[in-house]
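Here the structure is laid out as structure tokens; the discussion comes afterwards.
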Amino acid sequence: MIRIEAVNKWFDDFHVLKDIDLTVGAGEKVVVCGPSGSGKSTLIRCINRLESHEQGLIEVDGIELTDDNKRISEIRSEVGMVFQQFNLFPHLTVLENCTLGPIRARGLSKTDARALAMEFLEKVRIPEQADKYPSQLSGGQQQRVAIARSLCMRPKIMLFDEPTSALDPEMINEVLDVMTELAESGMTMLCVTHEMGFARRVADTMVFMDHGEIVEMASPETFFSTPKSDRCKDFLEKILHH
Amino acid sequence: MIRIEAVNKWFDDFHVLKDIDLTVGAGEKVVVCGPSGSGKSTLIRCINRLESHEQGLIEVDGIELTDDNKRISEIRSEVGMVFQQFNLFPHLTVLENCTLGPIRARGLSKTDARALAMEFLEKVRIPEQADKYPSQLSGGQQQRVAIARSLCMRPKIMLFDEPTSALDPEMINEVLDVMTELAESGMTMLCVTHEMGFARRVADTMVFMDHGEIVEMASPETFFSTPKSDRCKDFLEKILHH
Amino acid sequence: MVRGSKKPRFGILDVIVLAAAIAAVAYVTYRVDSVLVYTWDWSAIPGYLFRYDEDLGHWVPNLLIKGLITTIRISIWALIVASIMGTILGVMRTSQRLLPRLIGWAYVEFIRNIPPVPFLFLFYFFISSQIIPLLNIGSALDQASPATLGVVEFLFGPANLIENFLSGLISLSMMSAAYIAEIVRAGILAVPKGQYEAGSSIGLSKLAIMRYIVLPQAIQRVVPPIAGQFITLIKDSSLVALISIQELSFLAMEIAISEQRFFEVWLFTGLMYFTICYACALAFGRLEKRMGRHLR
Amino acid sequence: MAAMDYRWQWYRLPRAFYRVIDGELIWGPLIDGLLVTLEIAAWGMVLTLVIGLVTAVLRLSDSIAGRILAKVYLETIRNTPLLVQVSIFYFVLQPILGINNPLWTGILCLAFFEGSFASEIIRAGINSVSRGQWEASATVGLNRLQAYRYVVLPQAVPLMLPPLTGILVNLIKHSAILSFVAVFELTTEARNLIADTFLSFEVWFVVGGMYLVMTISLSSLVALLERRIRARG
Amino acid sequence: QSVIEDIQARGKLVVGLSTFVPWAMRDKKGDLIGFEVDVARQLAEDMGVDVEFVPTAFDGIIPALLAKKFDVIITGMVQKPQRNLTVNFSHPYAYLTVGMAANKALAEKDGLETMEDWNSSDVTLTIKRGTAPGETAARLFPKAKVRQFDDDAQALQDVLNGNAHAFLTSEPKPAYYVIDNPDVLYHPFGVGPFDPSASAFAVRKGDPDALNFFNNWIQYRNLDGWLKSAHAKWFQNRDWKDQVE
């Protein structure tokens, strides 16, 4: 589904991604973790071309990512993305947030888009909030709207960039629950998160990044019980300790 | 040390604090938790008069909090506060951040203030960052500077408002470690946090707030093992589950 | 596709823009020769910058340079006065008490909505002509020693026009202050609330918080718009020609009329304004960078 | 006024507003001028916003030529006095472009002047919409134009309104400078009237008052509009 | 107390003027020269005092007089009844006649020949704001559009550019302009100047002593021929031209 081969990327002089190789098969769930600044966000942002890579190959659903605008929009319509900061459109209602893409990019009729949106708002369990504005919702609800908004584009792959780290602690679970359900429904997922409970439950593969490299890649069992590298061990200690 | 009796507070029509009673003895460590919007921040902000209460009595170190500006500044010099967003002064170096209060409010000489600041910067383990600007530090380092800055005022009581919730996961522990040390050194502390590991280790008393009320107050053992109210049980479940 | 995500590059838009620009320039050049009935003659201009004085035996500045000096002199003074007034007004506008806020608001709204010419007349003929004579500057200067007079003339221009200079200066400052007040207000409001709270929690008084925490941060945000305001001030200072101050645009006009070389004089004067304004913008740009060092 | 011994002659002013000749009402120069100023203001605002928006978008674009062109335009306009620009527009550009209508030359010139300030405000407004909004737009499949249209501008416009009002107020105030090139707006009429009657103070005060009414009604109008936009959002 | 006494007490005559070729203008050294300047110098000399010139934009000159910033305005100011209601005028010390320079091509294109042709709403005339030709234009061509500029040079350029049909100003300038631009400009109805008007000093109202003094000074200098020769120096030829250019 996603094929990343020997990808390198620089921000000016700074080498953020170093020789990244990663494959995500259809229906596979991959969880990425690693210290701040290690390049996790950059990696997944390259997959739907919010950033462009300078070397190597990224292929999504058989389409290679290049500068070609047509391909980019083709790939974006296959790939949903959920951000740490939700990035809902504050001037639109929840429903309008969800229908904007289907109507303007997919060309759906208003009624169809609305039906579609309501379906997914039900899936994330907030159909009753459809006519509110984002600012009237709690953080957890906002993030669930963001997930619904992505799903409305009927993506084949979902990318999550620390979807719960801007949330109040008691709201984290409501979002993780929705994500778990989504995973169980067979969606291909690439997830940056430090919620290790969720990772254990859901992940097929764990990836640990540090300084722009993939340092470790393993099944969750091996990853948590017997991490190979010291860096990974250190990190897991820090993060699991408290 | 802190005595709060029958305190009520409104934001316009909204009743944020309802009949709060709370006493914190010298050297005691109290941890406050509760859902978002329950009034935790408001409560501790009342203690150093960043908010004013409308009814009831708040006494700090024997001085009652009233509108009298002199008393307010007296109390503020006894009470240190650490915020979720660090609130360091971005235009001053770390050292200047720490010496501003001692020089301008305490009237210390520059040399004395500097010596004092270096002492506390060592305590929080970042003396080598003294000449950097806050923007050049990681979140965890910034929060440790904020703690040092408060300590430089030689407060008798420290208030913490979710000091780790704006931090990346791997930085949380470095801040919690500093706070634990501070607790062990005998400082009186009132802490809003959801880091339950820290709470278990350090707290003498746990307080659970919801909808502006103190719903439960107990020693950590009782609090975590046998919470009385359903609200508290629910909350702990949500927060400890993942 | 995402803004700022890519380096600037050469694309279709560039081709369109370039083509349009080149076409426009070409068209104008073509039409200049065929349509505009005017013989250009720039020869007189240099003489109005500097001229050789036979009596003194050296070069002396002529009208354009004198005008430029007057313009710069009044602009700098006005900027200083306006900054002080503007800061006070701006702080008043963020005050928690109603009265200062109201006064600040009324001042700003009044000045910003009234055209400059009536304001200048109102101020010069009705207010300053009552107040400034009370200062007795005229007679004080009559008795002043040549050395004092020299200093005064260096600071404020010719002695006989000092009253006009002061009035012009104050009215320019008052107009500019209204805009600076808004800039300062915005700068202060942009300092997050947490900064005030952190300040009071380490025991600083309100004044100290203003002085050591809020204003230093506000000033930094305020530098770019203040630079713009200063440039506007330099350009608007031509207004004081109405009250007999011989600044650059007034003298340029006189030369243009005397010489009957309208375009040359105005284009050249425009260039002089551009030079000082742009230099000013560059200087402020550097200042801004220096002040923003620690934010990077 | 005691110190000046000035004899106010307000009674000579009504003729500047209207006269009745043979039972027919004829508007005086100040009313004529007011109408022209309003016309300038109306068209000037539209053009100012268009120029401002185009310049802002050029500066935010990836295009090198676009950015440079916008930058050159901004620096030239901002660092030279409006008076110089007006005379170049009128005496040089007008015959070259063959506009042959001083009013439109004036409107164009003013719009180019105020447009440079407007573009900075518009740019700041667009920039203040967080980057995440652009990214979110891209991920739901909107192209750049659609992102501007449906996501960014609706959020940026309310932020831009108050400072833009200031620009429009300035547009009205600065239109007075067109008296320099014989556009018959309010200030021109006022100056002609003064040259004929020497009633400087009376005329300037009345005209100042007229400008004040115009600018304040404009500010209030925009404030009203803003409140309605806010209420909707 | 009369301004005459103030002048004597101060030992200085303060004159307001604004630039107007060849009445008052700047020479290459940046000093003021011109007919007005000679008149004011002579006036001061005859009073036994110094003279101080305060060049002021035309818009600011009347308010400044009224606010006692000047003692007198000497700047080729034309007497008109409407103006006279606001300030007092002395007896005339110089007379102006108006001339007209027109754009040849434009006049041909629009078929303008007789005076009647010119009195049409399709015709645009230009003048310098606040000068005598304004009256002339209004009287001779009431239907024509009149554009007023701050200066002759602008008004002339407007005609040269073909934006306006003709330019009215005081003689002898129109003649000079036609000589300078023979291909573009011409005199529409012969060279003859028309519509004389008078320039006078302007003083504040309520000061009969000053008015009396200035009137008599003008009469005195008229009778002894000084004014006439001074006028001739600036208006009969352009010998002064190289002082300026």
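Every chain is named by a letter (A, B, C, D and E) in the order it is written, and numbering of its residues begins at 1.
In this section, contacts are C-beta pairs under 8 Å (C-beta built on N, C-alpha and C of every residue); 3 or more make two chains touch, one makes a residue touch a chain.
Note that the structure is a prediction, hence the values are computed from the model and not measured.
J.: Hop distance check: subunit B to subunit C, minimum number of steps through touching chains?
T.: 1
J.: Which pairing of chains gives the most C-beta pairs in contact?
T.: Top-ranked chain pair by contacting C-beta pairs: C-D.
J.: What's the farthest chain from subunit D if centres are computed as the mean of the Cα atoms?
T.: In terms of C-alpha centroids, the chain at the greatest distance from subunit D is B.
J.: Would you identify the chain whose Cα-based centre sits farthest away from the centre of subunit C?
T.: Centroid comparison gives A as the farthest chain from subunit C.
J.: Centre to centre, by mean C-alpha position, how many angstrom separate subunit B and subunit E?
T.: 81
J.: Can you give the whole-Å distance between the Cα centres of subunit C and subunit E?
T.: 34
J.: Using mean CA coordinates as chain centres, what's the subunit C-subunit D distance in Å?
T.: From the centre of subunit C to the centre of subunit D is 20 Å.
J.: Give me the residue numbers in subunit A that touch at least two other chains, ranges are fine.
T.: In subunit A, the residues touching two or more other chains are 50, 73.
J.: Residues of subunit D touching 2+ other chains?
T.: Residues 4, 87, 91, 95, 135, 138, 143, 200-201 of subunit D each touch two or more of the other chains.
J.: I need the residues of subunit C touching at least two other chains; which ones are they?
T.: Expected reply: 1-2, 6, 35-36, 117, 121, 125, 129, 262.
J.: Please name which positions on subunit C make contact with subunit D in the complex.
T.: Per the stated touch rule, the residues are 1-4, 6-11, 13-15, 17-18, 21, 28, 31-32, 35-36, 109, 112-119, 121-122, 125-126, 129-130, 228, 231, 235, 238, 249, 262-263, 266-267, 269-270, 273-274, 277-278, 281.
J.: Please give the residue numbers of subunit E that touch subunit D in the complex, ascending.
T.: These residues of subunit E touch subunit D: 58-59, 62-63, 66-68, 80, 82-83, 85-87, 126, 129-130, 134, 147-150, 154, 157-158, 161-163, 204-206.
J.: Tell me, which parts of subunit B touch subunit A in their complex?
T.: Touch residues, subunit B against subunit A: 35-36, 138, 165, 168-173, 176, 194-195, 197-198, 235, 238-239, 241-242.
J.: Considering only the defined contacts, which subunit C positions touch subunit E in the complex?
T.: Contact set of subunit C toward subunit E: 35-38, 44, 47-48, 51, 53, 62-63, 66, 117, 121, 124-125, 129, 160-161, 164, 241-244, 246, 250-251, 253-262.
J.: Of all residues in subunit B, which touch subunit C in the complex?
T.: Going through subunit B, the ones touching subunit C are 45, 48, 50, 73, 76-77, 79-81, 83, 85, 87-91, 93, 100-101, 104-106, 133-136, 146, 149-150, 152-153.
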